[in-house]
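The structures come next, written out as structure tokens.
What follows is subunit A paired twice: with subunit B in the first complex and subunit C in the second.
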Partner chain A sequence: MIYKSKSNFQNHPFHLVSPSPWPLFTSLSLFILTTATVLFMHGFQGFQYLVALAVFNVIYVMALWFRDVISEGTYLGNHTNAVQKGLNLGVGLFIISEVFFFLAIFWAFFHSAISPSVELGAQWPPLGIQAVNPFELPLLNTILLLSSGVTITYAHHSLIQGNRKGALYGTVVTIILAVIFTFFQGVEYSVSSFTISDSVYGSCFYFGTGFHGLHVIIGTAFLAVGLWRLAAYHLTDHHHLGYESGILYWHFVDVVWLFLYISVYYWGY
Partner chain B sequence: MFPQRNLGRLSQRAAQQMRSAPVRSTIQRRFNSAEAKPSWIVDNEFNRERAAVKHHAASTSDLWRKLSIFAVIPCLIGGGLNAYNLWSEHWEHWEHMPPLEERTEYPYQNIRVKNFPWGDGDKTIFWNSDVNYHNKDKAT
Partner chain C sequence: MFLQRTASALARRSPARAFTLAQRPFSSSVIRSNEKKWAPKQEGKILTFDEIKGEDDLFAPGAKPGTIPTDLDQATGLERLELIGKMQGIDIFDMRPLDASRKGTLQDPIIVNGAGDEQYAGCTGFPADSHQVTWLTVSRERPIERCLECGNVVKLNYIGPEEDPHAHDHDHGHHHPPHVEPKTFADYVKPDYWYR
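The block that comes next holds the complex of A and B.
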């Protein structure tokens, strides 16, 4: 090969990223978000608008960044096997960081629940707090989440097999189950006899289930993007890293729910 | 006459070539077909592993399809009925409980330190007046 045409090829499998505005924009949006949230929480007038704007900004910049990543992976062929390995590792590390986020929440719960203080009547749930019956909506929600795990596995294996219909149907059913879960959590929140300001029980309960619910919504969006890319023929039977990451994230959310169900709902009843 | 004859022969030869195996497989490639092993796939370790994964997925996806239909649907129906019964029982029981104002409010309940930044500043998100006691003395 002559020198000139040789220079058109890279002799390594890695993706040397081109200059992009999104890291800077993401940092700025996150900085504004944290600053505005702190000021808002300290009662500075009108800062709720800056918080809302910053949340919008963070989501918007993330969407633009992910859009670029999708172009690089799907159309520009930058996601070689080596690059996929790196991205996979990144997703794994992100999920590990999420595990520790929830570990802290569980720590707060067990700190208060294992030895409830005298002021609470030395019992858990504290006197006067009527906990949610774990065999009612929470059990149905457990079934819903475990079912969504089954249907997404069907979708994933169908995709690997090359069965487009199965992959599409499986993902659609999973997203429907996820939305029903979120709906029932909303129902449970609005009929619960205790609020977030009813003792440390209420705080820990809504702290844990609230952040879990937020993660369910994010996971649903993750899977919905996977569904769109599946429908748009972005994914192949062996290259679907975003979709697979969404599934991994969904299983993580599922497992967090199982821990919540066992310790907060069942054991704490 | 000469160029025409030549053209005829050329088209004959072209038609013959189109029927030959390598050309046909190139121009009639079916990129999305379920053909077991397309002719352009080389026999090497990478492709063998990929074929094995795909082959394995066929049986596992069938298992998960059966589970999705014959395990998930009955479980959802059972869980739904159970939740519905307990839900009705719960509200039946709730009706026979004393009104919210007459229940003991412990000092750690309805904590108000400063206004919530939404609504009238006194009610939590997901507030439901039917089940949440509104202590007007604690409003800040």
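The block that comes next holds the complex of A and C.
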């Protein structure tokens, strides 16, 4: 066919995206979110509603944007091998940027923890801080997260082997484990004896575990979208980049927890 | 607080009118959704590379319920074209760099395949990467181009359709004066230097 019909198709593999409102809308939503959050945190009256509205807006626009990407990839076939490579690279670079984000958080922690100043009682945890026992809920959470790593790997390999049930159940179990983890983190927050304003310990502890928890929630949503697309027959045994990115993200979140557990919970106890 | 005040002020100013929820009665949406359900579905099929003529030939049948689809079952659009081509050993996107196994001459130019009216070729000399990339434009009207840097000659091999619907109106109705080739050394001194 090649010579007769080749001009019916584009002769390069790249996806030249069509004009889209979502980048602009995302920027506006994020701008409103940051502004409203700053004003809210400085005690301006009523801005908690704007924060909530902006969070909703950000999530809503993201959903619409990803919906477009799913249409382009799954229903229009725009994601050729070259496009998939580019998306993979983008996900990889994003996760590297996340690594450095958490590196900064750990830096802040170790800065204060390795040589605790005299104001802290020259000890870590600081004088008067009753740290969380790492062998209680945190250990259970470690086990939960490691197990979720096992189940998601099982689901992924099931998908590659064409085992739909295994992939679905594996992902469902992973999401359940993730939700239980988040629930227990909430329990731990509500029973802990210190707050985010209790010395640099509280700041570093909630900075690290809080952002980790946020990432767990995002990762859970990421995997949940993968589960939906699995159930809706979007994903093939070879082409499941979004799902695989969710898995990669989940492993990243898992690894961050291990570092948190070892350094903040165990070493810092 | 000021939000509430603004909202109530707006409410007061808005003219009173019946609240219309929908443009058409809800009963018609039932008919519409039924229509969609009973309309004949386009069943895709798995075609070989030679049978694919246009985008309509790139609809796949999809997976059987309860199974994980393969790419052959389900890939569509350009992704499918690439896949079907690869399965038959054809690289539909010729992404290889320009042939730099030799230097093209007027007698024996480097051939550049192109399906459109124009094609760009990036010359880096011979051996490859001898000089900065020079972008040469070969077209159907002027198929031969020479690199200013190294003298490499490239020639368009047109592989598009015989009857190109776009070929009739080159300036898309703008009616610019036709492009005239600038006179060169060859026009005055040595006409056989022209390739035409």
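Operating definition for what follows: the second predicted complex is superposed on the first by the 262 of 269 C-alpha atoms of A that agree within 3 Å, B and C clash if a C-alpha of one lies under 4 Å from a C-alpha of the other, contacts with A are read in each partner's own complex, and residues count from 1 in each chain.
Operating definition for what follows: contacts are C-beta pairs under 8 Å (C-beta built on N, C-alpha and C of every residue); 3 or more make two chains touch, one makes a residue touch a chain.
From a predicted model like this one, the values you see are computed outputs, not experimental measurements.
Asker: On subunit A, do subunit B and subunit C fit together or clash when superposed?
Answerer: Subunit B/subunit C on subunit A - fit side by side.
Asker: In degrees, to the nearest 10, note the angle that opens at the C-alpha centre of subunit A toward the centres of subunit B and subunit C.
Answerer: 90
Asker: Using the touch definition from the top, say if A:13 reaches subunit B (first), subunit C (second), both or neither.
Answerer: A:13: touches subunit C, not subunit B.
Asker: If we overlay the two complexes on their shared chain A, which of subunit B and subunit C does A:100 touch? Say first, second, both or neither.
Answerer: After superposition on chain A, A:100 lies in contact with neither partner.
Asker: Would you sort A:80 into first (subunit B), second (subunit C), both or neither based on which partner it touches?
Answerer: A:80 sits against subunit C, while subunit B stays out of touch.
Asker: Thinking of the overlay built on chain A, is A:237 touched by subunit B (first), by subunit C (second), by both, or by neither?
Answerer: A:237 contacts both subunit B and subunit C.
Asker: Which partner does A:119 contact after superposing on A: first (subunit B), second (subunit C), both, neither?
Answerer: first
Asker: Can you tell me whether subunit B or subunit C touches more residues on subunit A?
Answerer: Counting contacted residues of subunit A, the larger count belongs to B.
Asker: If we overlay the two complexes on their shared chain A, which of subunit B and subunit C does A:163 touch? Say first, second, both or neither.
Answerer: A:163 sits against subunit B and subunit C alike.
Asker: Given the touch rule stated above, what does A:143 touch, subunit B (first), subunit C (second), both, or neither?
Answerer: The answer is first: A:143 touches subunit B but not subunit C.
Asker: Which value, in Å, gives the least CA distance between subunit B and subunit C in the superposed three-chain arrangement?
Answerer: 5
Asker: What is the shared patch of subunit A, the residues that subunit B and subunit C both contact?
Answerer: In subunit A, residues 162-163, 237-238 are touched by subunit B and also by subunit C.
Asker: Considering the complex alone, what residue numbers of subunit A touch subunit C?
Answerer: 1-13, 45-46, 49, 74-82, 159, 162-164, 167, 233, 235-239
Asker: Per the contact definition, I'd like the list of subunit C residues that touch subunit A in the complex.
Answerer: Listed in rising order, the residues are 1, 3, 49-55, 58, 62-63, 66-71, 73-82, 90, 92-95, 115-116, 159-161, 164.
Asker: Tell me, which parts of subunit A touch subunit B in their complex?
Answerer: Residues of subunit A touching subunit B: 40, 43, 48, 119-121, 126-129, 133, 135-137, 139-140, 143-144, 146-147, 150-151, 153-154, 157-158, 160-163, 166, 170, 173, 186, 189-200, 237-238.
Asker: Could you please specify the touching residues of subunit B with respect to subunit A in the complex?
Answerer: These residues of subunit B touch subunit A: 34, 50, 53-54, 57-58, 60-61, 64-65, 67-68, 71-72, 75-76, 79-80, 82-83, 86-87, 90, 103-112, 114, 117, 124-128, 131-132.
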